[in-house]
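Lettered A, B and C in written order, each chain numbered from 1.
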């Protein structure tokens, strides 16, 4: 996979949290993280609980603000730096290049499931009807019964909400995908649907970084693993 | 009817200056009038004086007339078109006494016509001055109570709100239901209240050869429409301005072209329509 | 994306000895929704009024990129041009709809006013557009000739939104647009605003003390405390990874549902 240029390149990334209510206590989470992901690769982040896998993923998406280091994204045949970037740069990258599947769906009052799914595509200027059809296709593929499509997902089960969330994130063919436990709380049948979708996107050339606790899922989708080391131990083992 | 020119031969009342107001006041009012003429439709504030009659009886019009009138003038005063109502008669007599001017009821003979709520039917000519008595000079007042704001709206020609009131009238009544004090645009710049004349009279204001002066005594404002100035009644493209029409003609003179008043003439409720302009009506009989 | 739509540079305003806002600078780009959050008295509304030309700041400048006349300094414009801008290219949604509406005239006249103010003189067309906007803000067209005095709070707010958007503004200022409304009514307005902002590619400066509203509607946030901006960034960044002690306190004060 080294023949093509990476789609995402991270070097020297550091992130800590300062909790002012705790007297300004600083909690270092990431230190000197470097990685690169090329199109067609799926990098699985592994490491013990609390190692900072989720923090890393959120930092890549710009949801958490990195302290230092570099996160560069390949866009329009050029590198876009996300650390310290203007909000509109980050929004533009999210809009066109990088999708994120979180564990939880942020429900929007009164908006139906199918509209929530179709929205990212519509926002990119796709014909509303076409966006709707694509949304329905994805919802069907992820096993959401059609009777639920027109309902706001606030009352859906956790698994249903998560699948709506996945459909929303996968409706746009983002060149880079970040997946935070996409199959948590899914039963086996639905999990297989999600795995198939991810594999398809990977094989179509998406660069994917994900956290997959389920080893079967990880084995099915990942092409490489990246070990995230808890900051305390990384300080100890650094040469 | 005493419809010929009468010259009051009694001498001037020695206790009063000529035309009642002192010369300084008249000069001040003339300056306001000049400014008003220079900026058609713009309301010029002036230092209104107490007059020997209550507000609402024409104090603004009287001050304008007093500032203009000279011994050579011939004055006509009408109230709702009539020369013989109390208000018209007393104002005419007032000026006959304090200014020794000739008075008349004939529109064609008058040099100054002070009026309340009408424009004479007989077309006015060059050199005549029409002085309107104005109760509320601000056309936007009912829509915008703040004077500071209405002044700004005039200054910036922000007249959307005036159109809003016409829209509202159509929405409520199916047509622009305003029948008097119908707002006009003067010279394409200022929206003006033509005083409570019927909208029937609005077309007479447009490019009139006479000078129109408007005096508001209570609110101390003077505004003007110089001769031959365009005056357009506001409307919508699909609801154009229209004047009142009658199916009847005047019961006295047979006119089908004048503004008619409805009169109930007996206890059984029998109705007649007669000209509101008495001079016009009498001249046709 | 060639130039920011609105740029504030070091905007400051004091009332007597009290500083209402100080040294506020930011760029708002076309299509962006900027939220200004902070508690009451933090200077949000003063800042909004300075940005919208309703208050003259003591220091700094506000620049706006007009549709056709290039960039203008909002506070150096003549009053005539500023007011023209305010009713053509801008909108302003007040928290109290009564301040933003003419309560004495019908809903249709309220919506039509901006059209008439720029010269629309065809009653049927004005009414047609008003009806169209009633539908877009989900008010029954049967109520077109009713006065807003007979409307509920939520309907009034939606009418105010329609009245502002009918002239197709590019920039809308909103001061707590859902403040003082029932939660269910709020949700409907938020949803409506979201759709309109996206569909019309509006730029918005939104003042709110409700972080939930901010999360739903805005792309970016500025957090104000005591008249100063203490933190700004992407909305999810500020809310999920707050840096400043005040922002952390604000975020941790949200009641979980």
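Going forward, a contact is a pair of C-beta atoms (placed from the backbone, for glycine too) under 8 Å apart; a residue touches a chain by one contact, two chains touch by 3 or more.
Not measured: the values here are computed from a predicted model.
Colleague: Give the identifier of the chain nearest to the protein's overall CA centre, each chain being represented by its own CA mean.
Modeller: C
Colleague: Comparing centres built from CA atoms, which chain ends up most distant from subunit C?
Modeller: B
Colleague: Centre to centre, by mean C-alpha position, how many angstrom separate subunit A and subunit B?
Modeller: 78
Colleague: With chain centres defined as C-alpha means, what is the inter-centre distance between subunit B and subunit C in Å?
Modeller: Roughly 46 Å, centre to centre.
Colleague: Measure off the straight-line distance from the CA centroid of subunit A to the CA centroid of subunit C, and report it in whole Å.
Modeller: 32
Colleague: In their shared complex, at which residues does subunit C touch subunit A?
Modeller: For this pair, the touching residues of subunit C are 1, 29, 32, 187-188, 190-191, 194, 198, 215-216, 219-220, 233-234, 236-237, 240-241, 243-245, 248-249, 252.
Colleague: Can you tell me which positions in subunit B touch subunit C when the two form their complex?
Modeller: Residues 152, 155-156, 158-161, 163-165, 167-168, 170-172, 235-239.
Colleague: Mind pulling up the subunit C residues that touch subunit B in the complex?
Modeller: 79-80, 83, 87, 102, 105-106, 108-109, 112-114, 116-118, 121-124, 126-127, 144-145
Colleague: Mind listing the subunit A positions that touch subunit C in their complex?
Modeller: Result: residues 17-21, 58, 62-65, 87-88, 90-91, 106, 108-111, 123 of subunit A touch subunit C.
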